[in-house]
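Structures are listed in the sections that come next.
Consider the two complexes below, in which chain A is the common component and chain B and chain C are the respective partners.
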Partner chain A sequence: MNWTPASALLMLPMAALVAPTLAHARINIGTEEAQQRLFPGQKFTPSPVFLTEVQRDKMRELSSVREPFKSERVWRSANGGWFIIDEVLGKHEMVKYALAILPNGSIKGIEVMEYVESYGYEVADDAWRQQFVGKTIDAPLKLKQDIQNLSGATLSCKHLTDGVKRLMVMYELALKNAK
Partner chain B sequence: MNAMRPLLGTYVRISVHGAPAALCAKAMDAAFDAITLVQTHMSAFNPDSDLGRIRRLAHLEPITVHPWTQDVIELAQAVHAQSEGLFDPGVAPQLAGWGLLPDGLSEAAASITQLSVNHGQVTSTAPCHIDLGGIAKGFAVDRAIDALQACGITSASVNAGGDLRVIGPTPEPIYLRQPRAAEPVFAGLLQDGACATSAIYFSQQAHAGQTISALVNPRSQQPLLCPDSFSVIAPLCAVADALTKVLALTRNTALPCFAHYNAQPFITAAT
Partner chain C sequence: MLSRPLRLAALLAPLLSLSWLPANAGEGTFGWVYTLDLQPKGTLEFEQRLQVNQGQARGHYDLWQARTELEYGVSEDFQVAGYLNTSRVSANQNYGDGSTSGWLVPSSAGSSPYSRTRLDGVSLEGIWRFTNPVIDPVGVGFYLEATTGAVKDELESRLLLQSNFLDDRLVVAANLQLSAEKVKFNAPDIGKESMADLLLGVSYRVANNWTAGMEYRFHNDFEGYAFNKQTQRAHFIGPNMHYATKDWWVTAAWRYQLKGQSQCWAPGEAECSNGRVWDSHSRNEVMFKFGRPL
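Presenting the complex of A and B:
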C-alpha cells in the first residue's frame, strides 16, 4: 500500500499535474455492448411495446416511478428473452440502465449504461480547485473526465430498484404473452 | 473496461485495465459474482441470509454459516476489540427502530461480542440482531479484488458505493464525494490499497421529531450528526470500512487501532 495525501502533493510541483478537470463519476456503455454483456452471442430485434393508458397507470401505481417509459427501447433476443433500456433520475444521480429478462420471466441481469452523479446543488466552495486554474494537465497521471475512485457515504440504488420494479410490471402486462 | 451493477443496496463499479477484453469481461463477471455471494449471505434485509438466521436462531442452536460470514464476524470482533467497542455491528436494533433497517422489533441493544464462531458455526448468548452494513461492503470489495486477481488481472479498481480498493502498478487518484460542493474533492494518490468513507449526508433525516443518521454510537446509541467526512486508507477495504466508524465517533486520528491495522485516517470538513 502506498498513500500520498493531497496535502503532501501540494508541496510538490506535481500538484499541478493532478488537478481535476470537470470531474464526475460516470460510466458510458453503448446499447450493443450492453446487449452482448447481458445476452452474449444473441441477435436482437427491436420490439417497441404499445402501452395503453390503463397499463401506464398500473406501472405508475405499482412502482412509484413517475417518468414516462420510452416504449421504443425494447428488444427481443433470438432465444425469446427481452432487453429493455430505461432511465431513472434520483436526487443525486441519473442512471440509464438495461434490464435483461429470460424467456421464463426471471431477471437475467442489470447493467448500468450511463451514470452521472450531480454536484453543486448547494453553494460550492471550490477554493481547492481554484489553486489549479490556468495550469495544464499533461502528465503520466492524466485525469480522465471520469472519476473511477470516488469515496464517500453510500448512495442508495433505490431509484434503480424502483425502475426495475416498473419494468417487471410492464413485462407482466404487455410482454409476457407477446408472440 | 468498466461495468456498474446495482448490488449491496448501492451502485457497484468495477474497472479493469491492461488485459484483453474477453479476459476483462470474464474477470468482472467473477468479481460481481463474489459480491453477489456476500450480499446473499450477509444481507440484513433477507430473513433467510446467514445474518437473518443468526438473528432468529443462534441463541437457540448453532447456525452453519458461509466461510465468508465467519470471516466477517471474526474481523468485526477483532476491530471491536481493537477499538475498545467503538465499532459494533450490534447497533442494528437502534437502526431498525429508526426505520433504517427492516422490521423494527423492539429488541435490546446487541453486540458482536455475543456471537461465538467455531468451524463455520455461530452461536449467540442472547437474541442478536446485527447489521454488517458497516463492514460487509468493504469485505465484498476485497472478495471482488481476489476474484479479479484469480483471473490474472493485475490492474483494477472496485468501488462499492464509495468503499473502494485499487490494485496495480500506477498510483490512482482518489476523490471524496462532497455533495454540497461543485465537484468531488481530490484526496490523494493510492496504490494497492483501500479507501472507505463514512458520512451522514445521504442518511441524515427526521424520525419522530428527532434527527437521525445511519451512524450510531454503540455506547450511547445516539446518532452521529456531524456533517464532516471520515475516511480511512488501509490495505484491506473491510478494515478501512469498519475503521471509518471508529474515526467518525472519536474524531481522533491517533487511536492505536489505526496503527494496528496499518491504516491512515483523515477527516474532511463539510463544505
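Presenting the complex of A and C:
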C-alpha cells in the first residue's frame, strides 16, 4: 500500500468504533438560579460597566487573564451588592462562573455555572468555593497561596482564581464608587 | 495468509476487546512528545495508539505498530500505565541494495516479500512530575518505561520539560530520551542497541476543544547498551492536531524524515540511502491516538 493522506484517513473509523461513551457529569446553571444561590431573595438590575483600555490593561496585568471581559454581564442587587458573570479557560471548554460582591467590597461567594470537562468537578463543591468568601481586593487571590489547589483540576483552579482576581480588580476600578 | 481485513482486525483486536469500556486519560496533545498532563489521582484512562511508518529506499515497507494502554493516577504527581504492543510489517526489497530488510524483518527474508502480524510484548511505565507547568514557570518530570516481549526488551527514560504561555493556550514541550534495547526479532541474532533522542513540540489552542502544533525529533542510534558507537542520525518534523471533549479525545500527527540531513555509520550502508536512514524509520510516520476516561 502506498502512503497517501487518504490512506491515513481509513483509520478514522477506529475512533468511531469506540466513540460511544457513558455520559459524564456536567454543570449547567442559569443566570437567575446563580443569582438566587448567591443573593437569595434579592432583585437584580442589569448594570453594564464601561471599561476604558487603561482599566482593561490593569485587569489583565493584575490577574494575568487575557480573555476579554463581556461588560454587559454585570448586575446590581437591591441591597447594593454586585453579581458578575465571567468566563475563563478550562481544559477543553470555557468555564462560566459568577461572583457575588457585598456592598462592603468583600466576596459573598462564587458559583460555577458551566463546567464541561473530564475531571475537576470539585471546583463546584462548597469546600473549594468557600475559600473565596470574605476576601477583598487586598487578598493575594493566588492559587497555592491563599487558594488551595484540587488534584486533577489545577488548570481550572488556577484560571478561576485568576478570574476572581480580575473581577475584584474591576470592582475596585469601576464598580466600587458607582452610584 | 490472512486477508487484509483480517490482518487489520488482528492488529486492532486489543482495541476492540476493550471498546466496551466507558472511558477517561492523561491527554496526549502531541503525537510523540510527552507532556506533564498526568492522570488525576484515582482515575483511569484507556488509550489506543496506532503508528504507521511507510516508505523506505525502494520497493515497499509498511510498519503498523499499535499500543493499547491503561493509565492510572496513583497520586497527584505520579501515574503508571501498562501497554499491550502489537505490530504488522509488510516489506519487499525496500532497501537500496534490493534486500527486504528493516525493523521486524528478519535477515532470513533475503530479497523476498515478507509480512507478519504479531504480539510484540508488554510495557509498564511510570511518570513522575516534580513541578507543574500550569503553576510553575517550567514543568519538570521523569518518565521510565520497561518493555519485554518477542521483539525486544527495552528500558526507556525521558526527561520531560514543559512550559505554558498565554493563559495555558500555548504549550512548549521537550523530551530528552535515552534508551537501551535488546533486539530479539532476528533471533538467534541478538542486537544490543541504545538511543538518544531529543523531541520538541509546540501546540496552540486554536479554539475550544482544538489544538494544533508541530513536532520535531532529533534521533540518534548507537551500537551497544551504553551508546558505544553511533550508527544512525536523523531528523523528523511534522504537524499535529488534537480534539478533546470531556468523554474522549483524539490526536493525529505526521512527521517527515528530512532528506539529506541523515547519516549512517555501522553496521551497513544499506540502512542509509537517498539522504535518509531506514531500519525502523521511513519517509513518513503517522500517529493516531484515541483516549477515553474510564
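Quick notes on this one:
In this text, the second predicted complex is superposed on the first by the 112 of 179 C-alpha atoms of A that agree within 3 Å, B and C clash if a C-alpha of one lies under 4 Å from a C-alpha of the other, contacts with A are read in each partner's own complex, and residues count from 1 in each chain.
Keep this in mind: a residue touches a chain if its C-beta (ideal position, glycine included) is under 8 Å from a C-beta of that chain, and two chains touch if they have at least 3 such contacts.
Predicted model only: the values in this text are computed from it and were never measured.
Once the two complexes are laid over each other on the shared chain, residue contacts for A:56 go to neither chain B nor chain C. Residue contacts after overlaying the shared chain place A:67 against chain C, while chain B stays out of touching range.
In the superposed model, A:108 lies in contact with neither chain B nor chain C. Of the two partner chains placed around the shared chain by superposition, chain B and chain C are both touched by A:152. Set against each other, chain B and chain C touch different numbers of residues in chain A, with B touching more. Look at A:37: by the touch rule set out above, it reaches chain B but stays clear of chain C.
After overlaying the two complexes on the shared chain, residue contacts for A:116 are found with chain C alone; chain B is out of touch.
Within the superposed three-chain model, A:160 lies in touch with chain B and out of touch with chain C [touch as defined at top]. After overlaying the two complexes on the shared chain, residue contacts for A:27 are found with chain B alone; chain C is out of touch.
In the superposition on chain A, the residues of chain A contacting both chain B and chain C are 1-3, 8, 18-19, 22-24, 92-93, 117, 119-120, 143, 149, 151-155, 158. Those residues of chain A that touch chain C in the complex are listed here as 1-3, 8, 11-12, 14-15, 17-19, 21-24, 26, 64-67, 89, 91-94, 116-120, 143-144, 149, 151-155, 158-159.
The touching residues of chain A, counted against chain B in their complex, run 1-9, 18-20, 22-25, 27, 29, 37, 92-93, 95, 97, 109-112, 115, 117, 119-126, 128-129, 140-141, 143, 146-158, 160-161, 164. Those residues of chain B lying in contact with chain A across their complex are 2-6, 9-11, 13, 15, 25, 137, 157, 159-164, 166, 170-193, 195-203, 229, 231, 233-235, 262, 264, 266, 271. Per the touch definition, chain C reaches chain A in the complex via residues 12, 15-16, 18-19, 22-24, 27, 40-41, 43, 48, 50, 52, 54-55, 60, 62, 73, 76, 90, 132, 134-135, 166-169, 205, 208-209, 244-248, 250, 252, 254, 283-284, 286, 288, 290, 292-293.
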